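The following pair of complexes shares a single chain, subunit A, combined with subunit B in the former and subunit C in the latter.
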Partner chain A sequence: MSRLICPFCGPRELREFEFHKTLPNAGHTPFEQVYLRVDSLTLSVEHWQHIAGCRAWLHIERNPSTGEVLVCRLARSEGVS
Partner chain B sequence: MKGPMPHYSALALLRARFQGAGFWKPLWTGRTLQDAYDVVVVGAGGHGLATAYHLARDYGLKVAVLERRLVGYGNVGRNTTIVRSNYLLPENHYFYEDSLRRWEKLSSVLNYNVMYSPRGVVDLCLNDGDMIAAARRGNAMRLAGIDSELMELEALERFAPELATRGNRRFPIVGALVQRRGGTVRHDAVAWGYARAATAFGADIIENCDVQGLRTEAGVVIGVETTRGFVKANRVLFATAGHTGMVGTMIGLPLPIETHLLQAMVTEPIKPLINSVLIYGHPGHGETYILQSDRGGIVMGGHLDGFPSYTREGQWHRLEDVVQGAVDMLPQIGGLRILRQWAGTNDMTMDGSPIMDRIKYDNVFLNAGWCYGGFKTIPASGAACAQLVATGTAPDIARGFRLSRFATGHMLDERGDGPFPVRL
Partner chain C sequence: MTTRRKGARLSPETLGFTFDGRSYSAQVGDTAASALLAAGVRAMGRSVKYRRLRGVMTAGPEEPNALLTVGAKPANVPNVPATQLKLRDGLVLESQNRWPTLRFDLTALLKLGSAYFGAGFYYKTFIWPKWRFWEGLIRRLAGLGAAPGRSDLPAPSYEHTHCDVLVAGAGAAGLAAALAAARTGASVVLAEREPSVGGELEFETARVEGRSAGEWTCAALGELTRLGARVLTDTTLVAGSTGEMVLHTEPAGMPGSARLMKVRPQALVLATGAVERFMAFVDNDRPGVFLLGAAERYLARYGVAVGQRIVLFANHDRVYAAAARLAAGGLQIVAIVDTRVSGAVDAQSREIAADFAARGTLCLAGHAVFAALGGDAVTGALIGPTDGSAAAQTVRCDAIAVSGGWGPAIHAAVQEGGLKRYDETVSAFVAHDASQWRITAGSANGAMQLGVVLKQGVEAGVAAAKHAGHRGPLAAVPAASGDPAPHLEAYWRAPADERQEKNQFVDPQNDVTVADLRATLAEGFIDIEHVKRYTALGFGTDQAKLGGQLGAAIVAELRGETVPAVGTSRLRPPFHPVTLRSIAGHRFGAYLRPARVTPLHDWHVANGAVMEAMGLWMRPRFYLANGGNPTDAGIVEAGRVRTKGGIVDGSTLGKIEVAGPDAAAFLDAMYLSKASTIKVGRSKYMVNLREDGIVLDDGIVLRMAEDRFLATVSTGHADHMLSHFEHYRETEWSAARITLTDVTDAWAVIVVAGPESRAVLTSVLGSPWHDALAGLRHMDVTAGQHEGHDVTVLRASFSGELAFELHCRPVLAVGLWEALVGAGLAPYGLEALDILRLEKGYLVSSEMDGQTTPIDLGMGSLVALGNPCVGRALLDRPAFHESHRGRLVGVRSTDGKSPFLGGAQLTQDAVSAVPVGYITSSAYSPALGEWIGLALVARAVPEGNMLYVRDPLRGGDTTVKVVSPVHYDPKSERMKS
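And now, the complex of A and B:
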């Protein structure tokens, strides 16, 4: 995983992107959403931003054991702005 | 030291000279898995081995250390060997200081040379703001009786003459916070020394034994399921830093931990150049810490890679950041070639401080979340965690590391930047 494919800019170096956070997956209370994680060896769902490019917010799903990017799309497309 | 291991001393070395290779025995034995134990420790890294050693020595318990791979395969063999106790918060600096005091004596306690080298840890300051923050941290440490020295430029130049402090620098170095007792310890020797000492007190170290779950009976844990069958245990300790998130998933307990990568690298060996451990926070490209190994290689590391990963392969852009910082600090090493680069998985907690507590069941304990401070706390953590597991109560210096602090709001947020596992 040394590049991400931005929906606007195409394949770009990883340095241009900034990891923002892992999406909550441990429950619905604010405490669970902010602090707790259910860890997985095969799936991590995250928000990133193309900070040194078009600055789009991205929804990314990755396999943290291999670094493979499974999904990279605009976060906006699921109602997150 | 009792048991089958020879006691190492100058006299013993002399005897070994005449006795030949027969003197040298394997460092640890006891590889047969028994059916039942007082305590099963999961993970034969620094913390697991140190805890097993104290459980066997101080409390006379029958201990097994179960390791998925090999002794010292994880972060105890992947860190940059730095030990220090220059932390701001009391809960942290008393604990890290307890550890530093144990490092000073560890070679004789374990009868194994861990090569503690108090060469000084130098936190460089680049502006007035850095100096003010360093003075605050240094004063907090001095109030706790921990050595710390705020150096202005002239004193720093005498202490670390190799630094490029003069000339036309974009970010001039103006001073440093120095802890002289900080330094390095040979990391592999720590794992081997604790493994040797633990087995001398009767602990069994079982490698290639993957723990796959807990077995409960009427809501009480009675042992662990492993790839080598069921092992009965009165108490279970998880000391699995780097994969604690997976332990949480395995036992159905979401934890305030994410797993991130930290990488390090070493250059070809050169003659002695760097006297101390230099830490350099650069506004342009993050952090670099740098030291020279006893073999002469320049060891460097920096920030986390910045996103959750189990791959153990560092990202190129972070390597670039680290090297840029190093060359900025010491332009004379710019021509060196990097021989090796590696990464370790870190338990990053939501406040940057560790967790040492009972979890979910009465007889299950967790020693985890050491972020990037795991190596330097091994001796203190072993003693404190053994007390927790043996008596059910952690010693006062580890009381702040309870898991419940995240729910009650008693965070130990050393960096003061909120509930994030990583902030670059």
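And now, the complex of A and C:
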């Protein structure tokens, strides 16, 4: 995981991006939303921002054990029903 | 003048240098080690703990002993391995760890007491209060070399580059890999630690493709250059991280002046070779004990014989080929000591041994060197059978060359995320590669024969190029002949009784012996990482390249475990020492980070402002015209605002424009109180929460139009707040119609405060503004033009006085500022700004420390409104409402004059040790004529109580009274006047 492929900018160095948070399981109490994030050896779902680029907010799914990025897309699509 | 030496790296030209004050001559191409050895110098330093006299042992970065200081203080560079220091005319070199001189070292008297200096001695002995007694002595003795007094910064900045294939190591495997990759059309960077390519081909008796190894190397280099490959010598791969490799290039003879290079390859070939291993025997650290490969390298590269009568000690077949080459170079081989029984020795090796035996060399299979004999230098070797079947014998010699096998250099592979596995055929850990992008080849991969090494190199080069998207014709593996397979049998230490184990060195640089390992295990430090910390095995400049595996293997022996079960301690970057200077690169002083300046910056500087960095921004702290120090000037400046008025540059204020049909609803969710209730032309002081309910930031939100707001945020927070807003807009609010624009730089802000502020501002802006300003109520906003540019005026106050925020286009800033000064308002700086805020009980910044809720900060009534904003739900957590939680209060000295400082703890009385709170901000208030402060104090403590200020380290103990946070004008009559 040395690069991320920004949907706008293409493959860019990791240092251009800023990690924001690990996402919680959906649909629980506010307390669980904040404090009980998904903690898995093989899947981490995260929000990052392309802070030194186009400033897009990204939804990233990756394997923390291998560093493999499974999904990197705009976070925006989550909110659109 | 002695005769010129001939060696692969030498030119006939000579140069001069000094070592410990004596002058020596060398040839161009020499290292400090080769030149000193050629001059007959054996002792090059003393060991760090026992102060034993030490000589050079190796010919590479694994050198544990011969560490030199280059140059004189303050620009000295300590701990440069003599083996790595390419000489330049006029270099001044000093040995280390001795006082006053290398030969006559008073501190060596310590070795008389060495029985007490075993592992853990420091931890157990020099504890309080004894530490105090020993500290002076320990500080004189501790550490390697002396730190430089200054540095000639700035250092070169990093080079960032990329390529299809990066090949680390230009020995046989690396050259083959680079060639194979370059022939496919891939762009190749080839990095070689040494000043020339070839690796072991420099001395191995080998033929490749029908040519001598040297001719093949030359041809390969020529072809690489023609194909456009970038070949970097004197360049080491010092660190690998995911996808990014750090190379370290140091110009010859210029230690400490290295440049770092970060390379992003599509594929990586690690042909980093292997580091020869050592074996433990009694006094194996004496000057005159060398690695076998070092003896070969000194001869081949520099024409230096490490001794005249040499004993070879190994556990593999390579020693016989080496013996033949050393003998051809004029060294007398006194004995070849092979730990393997004769049945395990290769037939070809037995033939060589028979030849040597016929010429008087003692050839002993199933034997080991038990001890190096002598005092300041080796004068003999004690050799005996490994099974103890016969008595040991003494042979006279002046050097012992040891080879215990090779440890593949898998540092970068492991650092980059690879795993390691133990390979029984080479008795060593090799990289366990499943990665397509990172391929290990050659002896770094445990391959020990030239044919196999070249084959692995070619295959790695082709695979790496393919991974990078280049396919070429099927590459042929060059036909080659070289040294035979080593048939190594693991052997770690010669027999010794337990009493002698304190002289069986495992890690010479840290004076770690077998006895230390035994003691450490006996005390319960079993894990190899714990052993490392307790003994220092693997610390220091060489990071146990020489002795790390040896130490781990002996730990395995003492624990009755296998070597793979014990493992080795983590191979941390950098591979060899890198100066902090080269890591810093150009990022130093003014170049550390960019500075942001306001449109008024030049005016401030020209008018005696003392500037202070706030985040990236530069802001005036105070003006020298008002006093020589911040405290005095701050009092003058703040006092003047209250009596007359003043102006302060507020341009650094973060400004985010939030616009669109859904802007009001969006801001309702972002702030604790609602933005939608702000009328156009009005503004409101508002607070943001994090999702966990903690206060994130505060500021004034202005409603410029029905669908357009200007949110002002703290100076240091603007970038973060924009991201914060953007995050919600892009996730939960992604269906909403909102734009977010950072307009911080689009508006200069001049705060005009004080009783005369309205009159002066009106005179400066002129008659078109007269009515608007006259009718402006507290928190009203009005927009208009001045000299054809947009201006917004907000009536708001952080000083408690009648005050206006003048937002103007930057082009107007200096003109308006000078007009205001001309009309009688003097500028003030941050120091006064903070005093004024504090007097009025406004949050300064340390109150929003990432731990306080709005309830803590006295905004409980806003929370009670129940606006369902981000973070609101978690404010109902019971823990946020407990009585020991802090709430914001004011504090004042009880005697009306004693100062107290932010950060001081508050207790109930002078006896109690349990804090009930702490002071967040404090200042001398010119308005009140005494010290005032804000504090977070447990809710249970009522106003009016006295608290004890505990500040022993700053001598600030005193008492304070808990009061309302609003020290000045509690009814805000002045500000609303």
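Quick note on the criterion: the second predicted complex is superposed on the first by the 76 of 81 C-alpha atoms of A that agree within 3 Å, B and C clash if a C-alpha of one lies under 4 Å from a C-alpha of the other, contacts with A are read in each partner's own complex, and residues count from 1 in each chain.
Rule of thumb we're sticking to: a contact is a pair of C-beta atoms (placed from the backbone, for glycine too) under 8 Å apart; a residue touches a chain by one contact, two chains touch by 3 or more.
Just so we're clear, the structure is a prediction, and the values are computed from it rather than from any experiment.
**Student:** Of the partners subunit B and subunit C, which touch A:Ser2 in the superposed model: first, second, both, neither?
**Tutor:** both
**Student:** Who does A:Glu32 touch here: subunit B (first), subunit C (second), both, or neither?
**Tutor:** In the superposition, A:Glu32 contacts subunit B only.
**Student:** Give one of first, second, both or neither to describe whether A:Ser40 is in contact with subunit B, with subunit C, with both, or with none.
**Tutor:** In the superposition, A:Ser40 contacts subunit B only.
**Student:** Check the residue A:Ile51 against both partner chains and state whether it touches subunit B (first), subunit C (second), both, or neither.
**Tutor:** Once the two structures are laid over each other on A, A:Ile51 reaches subunit C alone.
**Student:** Identify the partner contact of A:Phe19: answer first if only subunit B is touched, second if only subunit C is, both if each is, neither if none is.
**Tutor:** The answer is first: A:Phe19 touches subunit B but not subunit C.
**Student:** Report for A:Gly67: first if it touches subunit B alone, second if subunit C alone, otherwise both or neither.
**Tutor:** A:Gly67 sits against subunit B and subunit C alike.
**Student:** Taking the two structures together, which residues of subunit A meet both subunit B and subunit C?
**Tutor:** Touching subunit B in the first complex and subunit C in the second, residues 1-2, 13, 18, 31, 34-35, 67 of subunit A appear in both lists.
**Student:** Okay, in this complex, where on subunit B does subunit A touch?
**Tutor:** 245-246, 248-249, 254-259, 306-311, 313, 315-317, 320, 350, 406-407, 419-420, 422, 424
**Student:** In the complex formed with subunit B, which residues of subunit A make contact?
**Tutor:** It is residues 1-2, 13-15, 18-19, 21-22, 26-27, 31-32, 34-41, 44, 46, 48, 62, 64-67 of subunit A that touch subunit B.
**Student:** Looking at the complex, which residues from subunit C come into contact with subunit A?
**Tutor:** These residues of subunit C touch subunit A: 241-244, 264, 417, 691-692, 723, 726-727, 730-735, 873-874, 877.
**Student:** Help me check something: in the complex, which residues belonging to subunit A touch subunit C?
**Tutor:** Where subunit A meets subunit C, its residues are 1-3, 13, 18, 20, 30-31, 33-35, 47, 49, 51, 55-57, 67, 74-81.
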